[in-house]
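One chain, chain A, appears in both complexes that follow, with chain B as partner in the first and chain C in the second.
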Partner chain A sequence: MIDFEFHSPTSLDEAFGLLDQYGDDARVMSGGTALVLMMKQRLAQPGHVIGLRRIPGLASVASDGNGAVRVGALCTQRQMETDPLIRQSLPLVADTYRKVATPRIRNMSTVGGGLVHGDPNQDPPPSLIALGASVVLSSKGGERIVPVEDLFIDYFETDVQPGEILTSVLIPQAPAGSGAVYLKFLPRTADDYATVSVAAIVDADESNNCRDVRIVLGASGVTPIRAKAAEDLLRQRPLTEENIRASAAAVIGEVDPLDDFRGSADYKRQMAEVFTRRAVTQSLAAGR
Partner chain B sequence: MGKAVPLHDWAAISCHAMTRSITLGGFAKSGISQIREGWKMDHRIKFKVNGTDHDLEVPARRMLVDCLRYDLGLTGTKEGCSVGVCGACTVLVDGQMVASCITLAVTADGADITTVEGLAQDGKLHPVQQAFIDHGGFQCGICTPGQVIAAKALLDVNPDPTEEEIKDWMMGNLCRCTGYYGILESVKNAARVSQEAGR
Partner chain C sequence: MKLENRCLVPASVDKTWALLLDIPQVAPCIPGVQDVISDGENRFKAVMQVRIGPVRLNFSGTISVVEQDKEKGEARFHIEAADRRVGGSIRADLTMQITSISPEETEMLIVSDTVFMGKIGELGQPIIRRKANSTLQDFARNLAKQAQS
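This part shows the complex of A and B:
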């Protein structure tokens, strides 16, 4: 393990000051499940680690009054799975976080830490993007609200700017009557990253026409990918098996997976189609 | 106040089949990894382990598993994969199970920690420990402290788990002797015995 200095600020202002002082040599840490591993493997070698856990008020879950839920960045992923408000108003989110790694890792890893890590194989981003969630990036200069859809720039690269700390996530509810699922294709072990994953939300009217739809894929490129062409093939159209098949087939042209030990890029493209079809079909069945 | 055990004893390194962290610690202190001048390498931390208060100085890079094993001599907690996957290093921090191999000791400052050494009370094994013995919940034993702590953590929040819930909870505790059926039986029976004792 590399040598470094650890700081435990007790306020955001103090944390911003430390970020200012140490600049590129500092890394922010919450649960540490990502950063400590990267430091052990020397993929990250910060001279200063700024732990956020002593800063009060960053681990709460609360309704914002308009049906959305504001989640503090330091909420653990396990909290997302068990919190009564999340389970009741955001069942897709609770179900998605339940599929992350193991209970022990979910006890340690946090919502904010998971997002700023920028790993395209993670589970929560597709579901958060499908719901239209945003993150609050705080800095000395104030706050910036960025849709999760725009947060990921490239492989392990996010829109978080120097001096900024992700402090909370705003998650709207899915439209009333819609159905939503997160499917994680796990051919190896139950605690692995997905080979491909798909979050889908389908809002259908009484005659099974698609009012609106979101299809977002994880582990299918260098960032999570919203499959807009596939969505367009369903929106305002009848949700027939034929249309769902055509939509899922369009996903192949939208993903750009990486070859790795979880499968070749070509295999993942095929699986992206299969799991998109299943996700849309299951979301449709889950609605109403 | 306790002081962290110095990790620059080359004799100790050469005569033991040491863990990777000890070896790296030795390299670091021997100057292979340079410590920048002016760095405050020692952090004073206080925490409770199995009911006993500890007050010690550790470098920021010290992992909780190393702190428990080498600074406090609590070698019941094992280090397996070193990357938070295998579950051998599982301990409870403020009642929550964590992977101590990827937990910085400094982040446990102020915490109440339970390791496998803290489960038996007055010479009597914890029901989970007794069940692992009675139902063959282990073969070689390296994963057992982590299995036992994870099972205790499960029964603390869910005293009467279903088989599926046990499998789901314990999936991050790997056993390479293929002892999973024994482990499942052990956890089920520990739950039953604890429930009966509580009645």
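This part shows the complex of A and C:
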């Protein structure tokens, strides 16, 4: 690994000052699980690393009073899996974080760090997008709130601007009575990234008509992908097996996977359809 | 890695040809290319900043005009560049062929064959292919703008 200077600011203002001072040569670190690996491989070579651990107030989980939960960027992924408030009000989120890698990694990696890393294969983004979550990006000039759906711009590229730090995530609850699942297709090992993954939330009325639906795929393109055409084929329609099949088939045209050792692009497209069908069917059953 | 891109330049074939061989003018049409300076006959030095996924690369290298055949409307270029920090290099052969469509329109075919070496090669072909494709498309768009001005 190359030489670098490590900074431990104790306030956000101090961190913004360091970002200002070192600009492009600085990288922000929270858990470090992604950044340190990239530095070891020499793919990232910052001269200055700004650790956020000593800044107080960034690792709390709290209800915002309107049913949504505000999660500090430095909360570990393990915390997301075990926190009583998350388990009770956001079971989809707790279940999704439980599927990330291994407990050793989840104990180190953080919610905010994972999101700004911008890796399209990660587990949390599809579930957070399906729930309509937003991130708070703070800078010297103030705060701006960006929906997680708009955070990812390209492969490992996010909307986080120079001088900004992701400080918290606002996660609303799924509609009462809806069902939600996160499915991760893992043909290799249990701790791998998904070959494809799907988060689905289905809100159905008593007659099985779809009031609303969210379908978001991970590992299926250069960013997480919200399958809007597939959603439109279900919204305000009866949730019959035939309609669910037609909706899942539409996903093939919405994903744009990369060939890699987890499968060819064509195989991933087919699996995106299969796992969307399963995710919608299971969400419908879970909501009953 | 071989790529082929076609684009329409809104200028006559003569104007397009002149622009194509004016390397200090045309090279900055490639996103991230800057500081193009002459380095002998038909040879230029340039730097290019590019981001591929999580990696920021700073290439410095040379562009050489290998062949120019105005009759055929074909020019061949050779590019060699390296990033010392990340540790990787590229070598590219670029052929550009222009054909007149109308007095005000010229079609340009860009054929590139690029070899990636060192760390850059580890980033994975699919993602490099996408980046190279989008870079060539941006180049074509910028060149069209340049030709109009």
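Just so it is clear, the second predicted complex is superposed on the first by the 287 of 288 C-alpha atoms of A that agree within 3 Å, B and C clash if a C-alpha of one lies under 4 Å from a C-alpha of the other, contacts with A are read in each partner's own complex, and residues count from 1 in each chain.
Note that in this section a residue touches a chain if its C-beta (ideal position, glycine included) is under 8 Å from a C-beta of that chain, and two chains touch if they have at least 3 such contacts.
Just so we're clear, the structure is a prediction, and the values are computed from it rather than from any experiment.
Participant: After aligning the two structures on chain A, examine chain B and chain C and state clash or fit.
Facilitator: Fit.
Participant: Between chain B (first) and chain C (second), which, if any, makes contact with A:157: first, second, both or neither?
Facilitator: second
Participant: Just chain B (first), just chain C (second), both, or neither: which does A:260 touch?
Facilitator: A:260: touches chain C, not chain B.
Participant: Contact-wise, after the overlay, does A:108 reach chain B, chain C, both or neither (first, second, both, neither)?
Facilitator: A:108: touches chain B, not chain C.
Participant: By the touch definition at the top of the document, which applies to A:141: first (chain B), second (chain C), both, or neither?
Facilitator: neither
Participant: For A:190, select first, second, both or neither according to whether it touches chain B, chain C, the two together, or no partner.
Facilitator: It touches chain B, and chain C stays clear.
Participant: For the overlay on chain A, what angle lies at chain A between chain B and chain C, C-alpha centres, nearest 10°?
Facilitator: Computed from the C-alpha centres, it is 100 degrees.
Participant: If you tally the residues of chain A touched by each partner, is the higher count for chain B or for chain C?
Facilitator: Comparing chain B with chain C, the partner touching more chain A residues is B.
Participant: Quick check for you: in the superposed arrangement, does A:38 touch first (chain B), second (chain C), both or neither?
Facilitator: It touches chain C, and chain B stays clear.
Participant: Taking the superposition as given, does A:6 touch the first partner, chain B, the second, chain C, both, or neither?
Facilitator: Once the two structures are laid over each other on A, A:6 reaches chain B alone.
Participant: For A:57, using the defined touch cut-off, is the partner it touches chain B, chain C, both, or neither? Pick first, second, both or neither.
Facilitator: Neither partner.
Participant: With both complexes placed on chain A, how many Å separate the closest C-alpha atoms of chain B and chain C?
Facilitator: Minimum C-alpha separation, chain B to chain C, in the superposed model is 10 Å.
Participant: Starting from the residues of chain A touching chain B, keep only those that also touch chain C in the other complex, and list them.
Facilitator: none
Participant: Looking at the complex, which residues from chain A come into contact with chain B?
Facilitator: Chain A reaches chain B through residues 1-6, 8, 32-33, 36-37, 40, 47, 49, 51, 53, 78, 101-105, 107-108, 190-191.
Participant: Which bits of chain A are touching chain C when the two form their complex?
Facilitator: 38, 41-45, 117-119, 155-157, 222, 258-260, 265
Participant: If we count contacts the way the header does, which residues on chain B are in touch with chain A in the complex?
Facilitator: 21, 24-25, 28, 33, 35-36, 39-41, 43, 59-61, 63, 82-85, 87, 90, 96-99, 102-104, 106-107, 109, 150, 168-169, 171-172
Participant: For the complex, give me every residue of chain C touching chain A.
Facilitator: Per the stated touch rule, the residues are 51, 53-55, 85-87, 119, 124-127, 130.
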